[in-house]
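Take a look at the structures listed below.
Across the two complexes that follow, chain A remains constant while its partner is chain B and subsequently chain C.
So, the complex of A and B:
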């Protein structure tokens, strides 16, 4: 058996399998895409449409998180801050200044990307747990700031978008339009991830993640690579936040910038498979419908139950299948190939 | 002047208690080289335990420590065997996510059982103690005294006993220690369980001073990490020094800076320390820059 050089040098960080590189599209991906498209086109019942909207949105956001967390090795538990910045930017521009969200979304994404780049630069020297805790702390600062800056964000009372359907306000009467919108978002983030995987820049990311010293010896600047990855991930998360605002029509800091939301992005990606394109999608497709249905059955009496299940699942998956669902699938497929 | 003196002294006392809370973390970090993200939730568990014993059995939190400390020792041992040990030989990411998962798990189980309400224990001594012109809560002084005794005891264990020698050898070089016949896996278990027991003790001391709620760990764990970074990982006296610095800064800043932003204090302080002093007060090999990639 030949030894894989990249896997040899990666030491403790090495993910148990490396993602299949290149922008190839597998049968599984095409199948999932067709199923999603079919779900979006045929009319789903009202409650299932809500589930579909959230599943697609969380899948897109878990993918965005995965660009920083899985590909660049920048595990962030502060992505809710980017989500919140995106959501608040487009909503504030629309509610206070009357700017259409079609433009506001890009402003939100750009601002979130800027904030992400800033955070990556500030925390450039930090590694492992300290990077993670810094992102968590930064998000908490943003949340408390948003709670106290009531004239802009509405503070604890929150901020609402008038629920009047219209093209300029980007509010739709039918849920199906939202399903289509979120699916489009998921597809765009997925395409970006696939392109990244096969590109030169993607290889820079892998090299910096696996061995920062070796990468810089080979002429890759870890600081710029990390900063750009964080900015891209944050920008996409910000856009996702704006889309969420357009769907939910109500924002308040204790949900939109909560640490729970940041954990959720990371957990979906980790359960699905870090550092793969298909992983976060599978993670969201498995977990989001489950937790949404659970929540609708149990109601508010079981606050926190879905997170209990998430986290227990995460512990089991991390200990026994560190590659997540995607890793387990790859193992099964490659075993079959050998036999 | 007397205000400032009062602030500095109470900062020192509260900082000592923070240091006790961080000692478990710094020990585990120094010996196992893994970060227990659920450290704050261990504290939360200990505080709920102390609260329950105080309220239900009508005892006080200091007596509760007799039950809480062994219970946390056992809990730490179980967590180590079930979650930390299987993750040790896997990529570093695994232990990060596994303990993070444990932290979220414990928070939300607490939320389901105890709801988000704040609980506290009735004041015990109901009086202040005068030291010169300054007055302090009796609970605060007692807590600080217990911290000092514990620090000295822990120092003695690490300096003078065989177990302490084995722990120091493991901190310096785990592989060499293994070759010298030190049962490193058992040292890991003892350290993790012992660190958890220390958090349990800290929880009993903190219960009369703070309220307990499911996310109480988040604020305190950030302080604990600041103290570990400032003091240098694995260092007991460093933790005490770092804790006292943090206590004084907190006590002064919460008096002079707008209290509306008081809850931001922990987070901003953490970020500032991470940005400007990631290598600690004494400039040891940086705790904060050792991690995934190195």
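So, the complex of A and C:
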């Protein structure tokens, strides 16, 4: 063991070192996506289609969260605000103004990105727990705002998209269309993450996460980098929110902008492996189906039991696999490589 | 006389304590200037003022024709001032070469060319064998060399070294001394804070001594070592440079 003189106590997450492959794609990644694509094309049984929609959507959102939380070190528990802003923007534009969601989702993403940038500019100078609390508080402000601005958002009664299938309304009769849409979203966010990881900008994020003093001594402006990372992460989350609205067709602030949703994005990413591209995907692929199936099988007999199992699994992963599933897999692969 | 750095009557106050008080000096292009003084003399504060981490309470700092007194550190870095940290500050989740690439990006925008420059710089400081190693496995001595490599990969005009010898073995000290001594010939101006006196006295062309925030001596190494004020404040006994 070497003497470690760099131990820091600034409340930042200390993650194990993971070798990166930059923009190159591994066999495992290709395999996972071929399986997904095949499932989406061949078509799943009706009940599993709902699970697939959520699995792909949450994977995309966990990836988006990971850009801020995993790569830039901006652990945010306020991402539900971006999700909600995206969902409400496209829906309000459609319901009140008749603008097609095909355009509305981009407006939602842009507005969420703007809000994310603003939040980072104000809060990113806070460190560790103080930043996390400020994101949580900001999301609460948005939630309470949405609850009270009833003329725009429908307030606590919520806002519905008429369930009439059509191309302009971006509402589909077949579940398979939603499976494909969410898979496309996941693939786009994944591609963005991979490009970022292999680029100069990706390294700027890592440097700011690991030591912002050293980063600024290297000519990197931490505030600019954090703001850009948050804006990208928030914008993608906003688009995910809009897509969710098109699938669920009903929005209600207590779910769409809930802290639970923010925690979920972060936990899926953490279980899979923070700061890796494949991690959040693995996290969602493991946990979303399990939690959905547990909910449907146990929901009637033992209400809430699925949450207990879900939480226990999270604790086990956090305790024994600090690098998440991706970290554990990397360790297994590199050990095999040596034999 | 072409001064690359001019410190003009700079003071910095923490609360009621003047960490640096009315300090004025300039550094010539291509000079190797040693900066010594007891702990708490204000050496690190002076570095932080030059590097833009702190803003002077009074006075101005000029670098290469620019008034940089109120610039933030990333802006100061971009015009060519590199620094090392007394306590190494590596990016803990990155490999050794990635740590150096981040400063190399100041010069090489492409990732692969930045990597080449970083590897070249690592070879320069004797870390060629550690390129793809996780940075957390390095010993203190190797981390100090990594700090030097990170500063130099920026291809700076001026570099501020902060105790890069602390914790090194005698062999490492002599290699590093030779290496630092060769930097002015490569067009890099050096300011060097060091407690390993024989290394700095041998290498620097000029020595400045800080004590309680004030400059008490400024001149040739041999003259400074004989200066009674310096002996009293720092050296303790007259130093022989034989």
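The criterion applied here is as follows: the second predicted complex is superposed on the first by the 311 of 339 C-alpha atoms of A that agree within 3 Å, B and C clash if a C-alpha of one lies under 4 Å from a C-alpha of the other, contacts with A are read in each partner's own complex, and residues count from 1 in each chain.
Rule of thumb we're sticking to: a residue touches a chain if its C-beta (ideal position, glycine included) is under 8 Å from a C-beta of that chain, and two chains touch if they have at least 3 such contacts.
For clarity, every value in this text was computed on a predicted model and none was experimentally measured.
For A:141, decide between first (touching chain B), second (touching chain C), both and neither.
first
With the two complexes superposed on chain A, say which partner A:258 touches: chain B (first), chain C (second), both, or neither.
Touch partners of A:258: none, neither chain B nor chain C.
Between chain B (first) and chain C (second), which, if any, makes contact with A:206: first, second, both or neither?
second
So in the superposed three-chain picture, is A:216 touching just chain B, just chain C, both, or none of them (first/second/both/neither)?
Second partner only, chain C.
After lining up the shared chain so the two structures overlap, which partner does A:330 touch, if you call chain B first and chain C second: first, second, both or neither?
neither
Report for A:307: first if it touches chain B alone, second if chain C alone, otherwise both or neither.
A:307: touches chain B, not chain C.
Looking only at chain A, is it chain B or chain C that touches more of its residues?
More residues of chain A are touched by B.
What is the shared patch of chain A, the residues that chain B and chain C both contact?
14-16, 209, 211
For a test of understanding, state which residues of chain A touch chain C in their complex under the given definition.
2-6, 14-19, 22, 198-200, 203-204, 206-207, 209-211, 213-222, 275
Could you please specify the touching residues of chain C with respect to chain A in the complex?
The contact residues of chain C facing chain A are 51-53, 72-75, 77-78, 82-83, 85, 87-95, 98, 101-103, 105-106, 109-111, 114, 132, 134-140, 143, 150, 154.
So in the complex, the part of chain A that touches chain B is made up of which residues?
Going through chain A, the ones touching chain B are 12-16, 73, 75, 77, 122-123, 125-134, 136-138, 140-141, 144-145, 148, 209, 211-212, 259-260, 263, 266-267, 270, 274, 302-305, 307-308, 310-312, 314-315, 318-319, 322.
Under the stated contact criterion, what part of chain B meets chain A in this complex?
35, 37, 83, 86-87, 90-94, 96-98, 100-105, 107-109, 111-112, 116, 214, 218, 222, 225, 229, 260-261, 263-264, 266-268, 270-271, 274-275, 278, 287-294
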